[in-house]
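The following pair of complexes shares a single chain, subunit A, combined with subunit B in the former and subunit C in the latter.
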Partner chain A sequence: MKKTKQWFKNLRNNFHFNSKKEIVDFFVRLVFLISTIISASFIIIIIAFIAREGIKPFVTDNNGLGAVNLFRFLSGRVWLTGTTFQSNLYSVGFIIINTLYVALLSLLISMPIGVLTALFIAKIAPKKLSSIMRTVIELLAAIPSIVYGLFGAGVILPFVYNFAKTLGIQSPGGNSVLATVVVLSLMILPTITALSEVAIRSVGKDIEHGSLALGATKTQTHFKVILTSAKSGIFSAAILGIGRALGEATAVSLVAGNAQNGPSFGIFQTTSTLTSTMLQGLKETIGLDYDIRFSVGIVLMIVILITNMVLNYVKKKVGNVNVK
Partner chain B sequence: MKKIILLLVILLSGSLVACSSNDDWDSSKNITLYTRDTSSGTRAGFMEGIGFSDAAEDNSLLAEGYVIKDNTGILTSMKTDEYGIGYISLASLNENVKGLQFDGVDPTIANVVNNTYGLKRPFNYVIRSLDDFANETEKNITLAFVAFLHTSDGADIITNEGAIPLTSNSTWDDIKGNYEVCNQDNSAVTIKFGGSDSIEKIALALTEAFAPKCGNFTPEHDHTGSSDGFKRTQGSEKDGVNYKHVGFASRPFKDTETGSEGTQGQLAWDAIVAIVHLNNEVTNVTAEDLKKIYSGEYATWEQLIG
Partner chain C sequence: MSNKRKKFDKLLQIITYASSSIGVLILSLIVIFVIKNGVGLINWDLITNDYHAQFYNGGIDEVTTFSNTSRPINLDDEDVYSEKWGIALRDGLDREGKPIVEVTYIAEDSPLNLMYDKNNLDNADFEIEVENVISSIKFDNKPSALSLYGAEYMINELDAENQFREIVFSSLGGGIRGSLITTLYTIGLTLIIALPIGIFSAIYLNEFAKKNFVTRVIRSMIEMLTGVPSIIFGLMGLAVFVPLTTRYTPADGANLLSGSLTLAVILLPIIIRSTEESLKVIPDDFRFASLALGANNSQTTFKVVLPSALPGILTATLLAIGRVIGESAALIFAIGTTIKDDISIFGKSTTLAVHIWSLLTDEPANIELASTISIIILIIVLVLNISVKLLSKKYLKRV
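Our next item is the complex of A and B:
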């Protein structure tokens, strides 16, 4: 805080320019300040807008439907009881659980694969192969989510449907927790791989050499020394990955089946997430049924915030080992 | 490590078996329902058509385990799910799925236009009585708009929006000579459209295309429901603040909604078709069958076939 005040003081004092150089320097710093203010203020504007719209269903009487009960909203097990446009009995309780459940399952699948891929690219693969693989991973990260969604609807849904059939289970067209988790895992895999790779690369060579000098094999060194040293960075990868999984809407809504009640824990059950619920019928609906989606948006932001805080706390707990 | 590889091999071979097995369709399986979400106009039309209007906006009346998808989603799901049933607008039906006959009539556009296919609803319009316009300009623009509805230009727009237009054999260019009002500058004139909200998208597309062809008049849309279509043009609210020049109704006009001669007509059909997987043995359904399926009375395909 003190330093910030000092910075602004300096900025003010610099109004007496001694040379042209100082004027240019002053304006360049001003440009930086303005661009920071612009980007920061947009976040505030967005949050204020979502909050204003999202709180409305709970405090106004919604054109005669009556205010939505907040406790019921956060704990219920059916999205909407009664007729759309004539009922205010909305609930997202089960959807919060669904969202966290599919996000955690996706993380569980893509974490080991992503970290092992990162280890391979950073330490094991020959230089040429590793640079090719890195490009491939970067390309995967750049694929838009709708493409993942179309892939999910066209390839993963039939696969899950047939997989369930071999197990003797009749799946609703493959729309399920499993399909959602597979699509989300694919989507967050590149994020986790790319960030883990950076973390693994930044582990000091001296630690690695020390381990090898003590007689450990390369594999022992990779798992017991490098991965443990990079765990803080790998945790950051997980945080970003789960953020993407929680916030993904388009792809999920194409494969989840949009269950209206729950929670759904069986892997062949249809499910729904906060984002897919927001998206459902968004373009055609009006009134409370529209406004309530902003409330779901607030819930989603809070869920992401809490998840990130918990993971950050865990990250601090697991600590850090001599990483450059 | 060995265990993991073994597991992967088992999973992979399992899925290969799944892809290659193509056993017969089994009617003892449960029916999986696919539906649009409650804000969909297709859902409203379908539920009305099968006599289950209450379920148009209420999911709790549907049988358990339904899947909510959009038009394309239902269409692609029916390629995979052998035991599913869904409904789509007839215009998007293709050969990858089986469109069910309704009361024994094939779901084709020809059968919709000749009025034999039953699972459909008319899109109707009504204008003010010809002697009840504020001035000649408003009346002539309204009449030109109605004429435009029946041209092939209008039909193209209706088709683009997923409905089925009635047959038309003239283009706007052929008939525009009859409507001199369209040659003058109408930018100060506002024409009000209202009535059915299911027709709102089509009406918007039509006026957007037609206004530049007719002196850039200003179209104003306020769609509140079919019953307001007649009420606000020739009924009790025709002189109120919400009066309209053109009203729409997504159902036949009732006996109490008969207007003066030459003011009412149909612009299109909204036809919906129930679809199933190609392997499904069912070929024909009735409104009652569909209602029993969607309300959960029929849980398996056996019960439907009987």
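Our next item is the complex of A and C:
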């Protein structure tokens, strides 16, 4: 007790505190500051640790297997040549292409549906219907991805299988590009709809009124004026949607079929994405087959980053009708 | 307006109606699918039972008096009853859809009540119960009656004898008690870790931080966390928290604690943003009044600002719980995919969402049980979402 008092006294002298209250104040601030620093530092921890583990396969000799060749890793067309635990010939080149391919296809499907639904909710629907629709979209957004995965495995896979059968194509259990794209479009639909709705809602009333005053019909105004004015916001929705599609893991791993080579462009071919590759073969806990997962993680982060940058650049180029 | 224009407008409108009906269609399809497949398994036993069946070998001494209870009237036609042994069996399906023979009735004077545990002779509580699953009855003088021949065959074989060597029976496995408890533990642990850090950060950013470059950088670093896919958080948990917990705790490998720590990082930006939003709507007059009365900054924060921000913090907590229940990709790495019945904070186990993933990646996939768990998850998530909506409607408007 005496010691603590002495310590407080010293502290008071050193920092020129006037009262005990100020010392408490100081410590509370300190705790808050430390919490904030902890919260902010996690992004660095994530990058640093995944980079540390992920670079290992390329710079060490992996217990005698030899270092993985970076160029081969990024350009190859077979996930693993040779047997597990005995080979360092890993490649993700085709997986990167697969990942971008399915993400873009699902964006192509859910973009028109999402934007039109957003327009419907924001402008066209009667008030009651629009609030019901908004709840539906919110519920869709709240459904966890594993349930989408279950839906994919239980409904979409058999559907794709039968569809392929009627076309005379043998599809392995329905696991295919098509099933993956459908599941992904279901999952990003609520994201795109919700964000597009905000964008459409924030278009100024005067623009709408201006168009109506010029003699355009309501529908013309909605499609030609409002959608054009909300272009940049809708584009942001697409960027977020594709980000979600690229990073989605569990649902995709259940319907993709884990193709070991590729790239697969045919809609009934099995495919594999960066995330589904990370989730396969979880049994290993040590060695190259474990570390390589972190390398795939780095590739995933870089792919997402580059896609975002490119899309943001395009968004700037496409430009923005000045709505202000 | 020309007629052509009118028709074209109508067409465009119909297209928007059609697009929005797709959303409704998807939602109803998902709900119908999980209910259709999962509702059959929903009952209280599923929630309280273990996942792994417990096997017993019951032996018996020479039987002198047999049962003479006649067939009880409340048995169904499917039940096959043996008057001699006082036991009713029925063909059924387990939670994986495989055929089993279930015990549906045991008479009070059944000689089977005298069975002892062959593996543990001191086990005094040992007895065969209703809902146990009989896998085989072994005899000394003839081949065993296996469950795959059905209940009727088993009863006939048993009736023909006065003695058997042993009955192998088990509890009905496939329950989700373990995963349910893990989920609750994970929610609790995650909130204990994430809530204080998140709330304190939000308060610092909103109340204390100067509006300068450093604060902006900190803010954008926290904001960046929301864009990271959850599987990357999983890798981070594997690289940071799993080694950390295995070094300082009895754990070996991924465990509940490392999973909760990983989830806490995922939740931080959600909690910070939600708390900050509720701090922002508190009028500055409150703060000035408190300061004018002589309270210092931390007193103002704890006694004036924080109580007014409670609804926002509650919203954040509910959102966080929803996220924990639904999260799968990160936890597959950070908590493991082994379904367990004995839960320890330092052991491997699965939350409900990872349980579904394990069931679906098994060969063959168990869609029924996965759907049943999905029903439970969906109900919880929907209730949470609705409460968040009501909460924010009620409180955020008021201030």
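One rule holds for everything that comes next: the second predicted complex is superposed on the first by the 282 of 324 C-alpha atoms of A that agree within 3 Å, B and C clash if a C-alpha of one lies under 4 Å from a C-alpha of the other, contacts with A are read in each partner's own complex, and residues count from 1 in each chain.
In this text, contacts are C-beta pairs under 8 Å (C-beta built on N, C-alpha and C of every residue); 3 or more make two chains touch, one makes a residue touch a chain.
What you see is a predicted model; the values in this text were computed from it and never measured.
Aligning the two structures on subunit A places subunit B and subunit C in clashing positions. In the superposition on chain A, contact is made by A:22 with subunit C only, not with subunit B.
Applying the stated contact rule after C-alpha superposition, one finds that A:131 touches neither subunit B nor subunit C. Of the two partner chains placed by the overlay, only subunit B lies in contact with A:270; subunit C stays clear of it. Within the superposed three-chain model, A:254 lies in touch with subunit B and with subunit C [touch as defined at top].
Judged by the touch definition given at the top, the superposed model places A:6 against neither subunit B nor subunit C.
Once chain A of one complex is fitted onto chain A of the other, the partner contacts of A:154 extend to both subunit B and subunit C. One of subunit B and subunit C touches more residues of subunit A, and that partner is C. In the overlay built on the shared chain, the residue A:121 is in contact with subunit C alone; subunit B does not reach it.
Within the superposed three-chain model, A:80 lies in touch with subunit B and out of touch with subunit C [touch as defined at top].
Once the two complexes are laid over each other on the shared chain, residue contacts for A:166 go to subunit B alone; subunit C is not touched. When both structures are laid over each other on chain A, subunit B collides with subunit C only at 114-122; the other stretches in 6-14, 78-86, 114-122 or 276-284 stay clear.
When both complexes are aligned on chain A by C-alpha atoms, subunit A residues 153-154, 254, 285 touch subunit B in the first and subunit C in the second.
Residues 21-22, 24-25, 28-29, 31-33, 35-46, 49-50, 52-53, 112-113, 116-117, 119-121, 124-125, 133, 136-140, 142-151, 153-155, 186, 189-190, 193, 217-220, 222-223, 243-244, 246-250, 253-254, 275, 278-279, 282, 285, 293-294, 297, 300-301, 304 of subunit A are the ones that touch subunit C when the two sit in their complex. Residues of subunit A touching subunit B in their complex: 78-86, 153-154, 157-159, 161-163, 165-166, 170-175, 254, 257-258, 260, 270, 280-281, 284-285, 289. Looking at the complex, you find that subunit B touches subunit A at residues 14-15, 17-19, 21, 29-30, 32, 34, 37-41, 54, 57-60, 65, 67-69, 73, 76-81, 83-84. Partner subunit A is touched in their complex by these residues of subunit C: 1, 5, 8-9, 12-13, 15-17, 19-20, 22-24, 26-27, 29-30, 33-34, 37, 196-198, 200-201, 203-205, 208-209, 217-218, 221-222, 224-225, 227-233, 235-236, 239-240, 253, 265, 268-269, 272, 296-299, 301-302, 322, 325-329, 332-333, 337, 353, 356-357, 360-361, 365, 367, 370-371, 374, 377-378, 381-382, 385, 389.
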